[in-house]
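Consider the two complexes below, in which subunit A is the common component and subunit B and subunit C are the respective partners.
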Partner chain A sequence: MSDQPVIRTRGLTRYFGAKCAVHDLSLEVPRGCVFAFLGRNGSGKSTTIRMLLGLLRPDRGEASVLGTDSRQLPPELRARIGYLTEEHQLYGWMSVREAGDFQSAFYPRWNEKIFRGVIGHFGLKPEARVKHLSRGMRAGLCLALTLAPDPELLILDDPALGLDPVARRSLVESMIYLTRRSDRTIFFSSHHLSDVERVADYLAVLDYSVLRACCPLESFRTSVQEVQMRFAGVPPPLPTIPGFLQAFRTEHELRVTCVHYNRETEKALRSLQPVAMEMVPLGLEEAFISYLGERGEKTFILSDTEVAS
Partner chain B sequence: MKQLIFKELREQFKVAVLGLVILTLMVSLAFAAYGTQLQQVVWSMGQKTSDSLQPLLRNDLLIQVSFFCAIFGTLLGWLQIRAEKHPDLWAFLVHRPIPRTTILRSKVVAGLLLYLAGTGLPLFGLILVVSIPGNVAAPFEWAMALPLTSICLVGMVYYFAGLLTGLRQARWFASRGFGLGLAVIANCSLFAMPEFWHALLIIVVAGTLLALTVWGSFQTGGFYRDQPVAGKVALTLASTASVLVLIGLLFALSINFLASRGGYTYSHYQLTREGKILRVTQRGFDEADITDLDGQPVLDEKNGRKITLKDLQQRYAQGVSASVDVEQRARRNNQVGESFFNLARFFSPWRVQDKILWYLTADGRLVGYHGISRRYAGTLVPRGTGGSGVVDDSRFLLPQNYRYSYLNNYNIMQPGVLASAKTAYVVDLEKRELKPLLTVTNGDAIHGFSEATSVIAPATNASVLILTRKFIRLLDLEGGTKLQLPYMPSFPQYPTVSVFRYELTNFVVRLEPDYFENKISGGKLLSRVEWVNQDGSIRNAKDLPKLPEPAQNSRAERFLIPLMPPPFPPWSWDEPYRIWNLLRILPAALCVGVGWWLGRRNNFTPKALAGWGIFHLLLGLPGFLAFLAVQEWPATEPCPGCKKMRVVDRESCEHCGVSFAPSEKTGTEIFEPLI
Partner chain C sequence: MLDVAANCTVCVNTVTVALNITINTGSSVPIYKQITEQVRLAVATGKLVVTDQLPSVRVLAESLVVNPNTVARAYADLAREGLIETRPGRGVFIIPKRKVMSREEGRRRLEPLLNTLISEGLAMNFSPDELQDAFEKKLSQWQNEKGGKQ
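Presenting the complex of A and B:
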């Protein structure tokens, strides 16, 4: 049972009108991990999450969460899934305490200690009205409401969206606190790669609605590599390089980013006969930006006859 | 569930309070207006007319409350959904460990409680005030509260329509508000229902249907796809009802437009002061062909031109009409007057005398209420045998125009004659006495009566037309007989008699067949006219030729008929409609074909295809439009195999069977097994 993935999708596809929001997504999320779901804006992360929770119907394919078809999640199963929405929407007229009381009425495993702990961590007063809370505070309250039912699977849709660094740090700390219990799984989407780097075990990357990467965090970082080459004169045109992502060309220098760097790649690059050639280590953020950035070559040569392009 | 109900009550509390305040204000103003009108009626001795001397049955109040309940119910329902329209808040609401049905149930319980508080309290307050003696100068029965109650209850149907409007994932200008059509139908039907329980049945049926649509839509966040079958069926039926309302509106507008331009034709006979009978065929409101019985146009003696309707109005013979068994016939014919909304079901204002308003009650009593103190003043009933014999002569018969606000400028000038089954009386309200005018004997019984002053003779020589089982009698107020004829042909075939005077001393008697009896006999009963001398001898008699049925003889109407669903009762089987009624099957068949094609194109199951086929056959174009309104069509994209557009929610192309290709590889994919 514990080997079963908590989330599994097969060919999950969803259109909005003629636009394909998620295309043929097949994914498995292991139990007990922190799984980061990454991608640019509009790449289909929220749509995928909404399909996982049965809030949106897929056009094709299927998804299961905790072993059950996501279109038919029974109430008992929903009790085991915590869901934090990206805009932290709550009923504005409720106070923090009322929000807690409201939510606790539905969850038999409600843990008041966790609730109080999280709202204390975010400095929330129980009598404060939700409509008067800052965005960060509201995010904290939402997190408290999501964590207090003690969910087995936590799905967070860009939980740090719009939060200041302090609030974001609090959020990440709460997530780390939760993952100390090994049977808990967190599936979250984010644009903050430093947060991802701190907590995630695995990541998946959606690029224009298509899943392009799904691997351990470290594998991703090591798979994306940059090679810096120096030339005596103007760098020659690039040959076909397997796994090529992008290249940046200056007067005597050429930097090439690619995935799955291997002998074949090295051979292709050495055929350019650079004066010097070295591997540049990339952080997750640089790797991610290179991976999802514009593909192809960029030139930046300033001389009498040429301009930057 | 308790928490959810509390949440909903808390969120919409202000709306309910606002509704309560507005309705209380409306009801208070209506009651104040009643007081003003009462004063006017009392001080004008009944010359200022009013059909709303019972506040609970005032037309203006009923219409205002009807509009209010419709708007308030719709708004409340819509706001309850609107509050959680943001996708994240919606997710927060529905992603909890309880079934969506429970969430919806909590919403509905809270919504209906608020609705009933907002509308029920002011209306109950009004009913309570009216029921306390001394507040209203008119008889009171608890049944008078039923029209307002039904209007309040039908607001709950609007409430469900509001919920549906909030939920539906459809465009505002398209079918989002389609739930409202059913609520409008239910609301309008109330006014035609003979009994409260009929109205209640309509409310329950429409409410249940809309509640089902709301339940189905709530399960899917407002989408049609994936709804339970019951929800889909209910939504389709509710949408069809809305399409029918729209077609009906289109129909009514075009008919109204065309009728004002002569599209509406009907014929009738008109008696002139000279004793001539003319045939008038009227088109629209003011155009008419006026001919004699031989079909020759009637010419104006002065200028030799054809006479117009206006000319003819100057020549109308004036007379008095009476009908027999008014109550029984109204009930049998299911007239609109029989609706439980009608004041006449309880009483009709009759006369005002010494600031006392006298009402003729539906059970045949004259009941008085003081117009100033609004207190009960007394009752007048015939001194009869109490119904121990064949007929009950201990109550007054209802006059012919009882149902149409008896208290009016014309009626108060009449001497005030009422009749029981055995005796006709002149009612002296001043002395509170009944002066017998005529008592019938030998097994005869009075079945109808009518009184007239200036129309048939000068005011000093007022007349009373009395129809007994055997005779037609025209009397003066002293009981003297002006005219007596055997009632032949008699009722039930000929229940209406009119007596006109012509050439000063002679009479024309016209006997009209009953509409329904005539229909049963296949239209064989003809209107009969007798020219009678003063001594009662018949100078001449004639059966008037049958007139054509009124006709909406318009092209637009004929074209609209085929739009109606085939199982609906035909517009008319007579020409020129017969062929158009038969043609209704063609649009239905076309809809079946197009519906089938669309279904095949969009991956419908064989069961769904068959179901929709039957639906289109039964409901024709309105059903097809409802089908288009509820369906959510999947996106299409070009198939790489056959290049045709294919739907995206199938595993393979519906044209050539080519599967959807996985995403194209770029060579930069990073995949590693995680488990």
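Presenting the complex of A and C:
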């Protein structure tokens, strides 16, 4: 039972009209991990999450959560999933405490200690009116409402959106706190790679509706490699390089990023006969940008014609 | 460098260890390596000595705000190097350094570090004599610091 992935999708596909939002997505999220779901805006992350929760029907393929088909999740199973969206429904006239009391009525496993802990962590007073809360405080309340039922699986759709750095830190701390129970799983989407670097065990990258990477965080970082080459004169044009992602040229330098750097890659680069060649390790964010950015060559040197026009 | 650093000062009931580890996200150095490097440095400079206790994986992870698995990986690496030992039910301790690396392997690893020092130093227009001088000064400074603690 515990070896079974908490989330599993097979060939999951969804169209909106003629536009493909998610294409043939197959992934598995192991129990007890923190899983980051990454991708640029509009890459299909939210659509995937809504299909996982059975809020949207797939056109093809299937998704299962906690071992049950997403289209047939019974209420008692839903109660074991915490789902945090950007537009969490809150009633402005309620106080923070009333919002908690109201929510707790729907959950048999409601844990008041967690609720109080999280709102305290975000600096929220129980008697404060919801309509007077700042954005960060609202996010804290939403998180408290999502965590207090002590969910086995936490699905957070861009929880850091619009949060200031202090509120974001509180969010990350709450996520780490949750990993105290080793059987709890967190699946979250984010654009903040520094947060991802802190909390995630695994990551998946969605790009233009297609899954482009799904691996441990460290494997992703190390599979993208930058090579800096210096030349006596103007760097020569690039040959075909296996795993080529991007190149950036300056007067005497050529910086190339590749994925899955191997002997073939090195051979192709050495054939350019640089006077110096150095491998430069990349941070997670740089690796991500190289991997998802536009392929090809870039330069900051304007040609004469561009300057003239 | 300023944006996402967390300091960790951990007090353990028997021995008090002030372990100032700083985590920089967005670095090309993975977080687990930042931890191992800083523990190694603390041992090399005598800030941590044999029998000092390190915080548990959970405590360090929560104070640095990083995934516990990352801290566990750092501790596993340090244990493999023979720098620390986990005693079940008691905690994580600095232990006397066993020689786990051969002299030859050590030299192989030292080589690129020396190359970096020399090439960067020369590129900054220091003369070889000045570099040697700076190196020796630093070295004796470290030895003094270490002698002070032990």
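Basically, the second predicted complex is superposed on the first by the 298 of 309 C-alpha atoms of A that agree within 3 Å, B and C clash if a C-alpha of one lies under 4 Å from a C-alpha of the other, contacts with A are read in each partner's own complex, and residues count from 1 in each chain.
In this text, contacts are C-beta pairs under 8 Å (C-beta built on N, C-alpha and C of every residue); 3 or more make two chains touch, one makes a residue touch a chain.
These numbers were taken from a predicted model, which means no experiment stands behind them.
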Please determine, from the superposition on subunit A, whether subunit B and subunit C clash or fit. fit
Using the superposition on chain A described above, determine whether A:237 touches subunit B (first), subunit C (second), both, or neither. neither
Consider the C-alpha centres of subunit B and subunit C from the C-alpha centre of subunit A, and write down the angle between them to the nearest 10 degrees. 160
Between subunit B and subunit C, whom does A:106 touch in the aligned arrangement: first, second, both, or neither? first
Counting residues of subunit A touched by each of subunit B and subunit C, the higher count belongs to B
With both complexes superposed on chain A, which partner does A:169 reach: first (subunit B), second (subunit C), both or neither? second
Who does A:30 touch here: subunit B (first), subunit C (second), both, or neither? first
Applying the touch criterion given at the start, work out whether A:78 contacts subunit B, subunit C, both or neither, answering first, second, both or neither. first
Shortest C-alpha to C-alpha distance from subunit B to subunit C once the two structures are superposed, in angstrom? 15
Indicate the residue numbers of subunit A shared between its subunit B interface and its subunit C interface, in ascending order. none
Within the complex, subunit A is touched by subunit C residues 3-4, 23, 25-31, 58, 61-62, 65-69
Can you tell me which positions in subunit A touch subunit C when the two form their complex? 34, 165, 169, 172-173, 176-177, 179-180, 193-195, 197-201, 218, 221, 280-286
The residues of subunit B that touch subunit A in their complex are 2-3, 7, 10-11, 86-92, 94-99, 220-221, 223, 225-226, 634-637, 648-651, 660, 662-663, 666-672, 674-675
Per the touch rule above, subunit A residues touching subunit B in the complex are 3, 5, 13, 15, 17-18, 20, 23-24, 28-30, 33, 50, 53, 55, 57, 59-60, 71, 75-76, 78-79, 81, 83, 85-91, 93, 101-103, 105-107, 202, 205, 210-216, 219-220, 223-224, 242-245, 258-260, 291
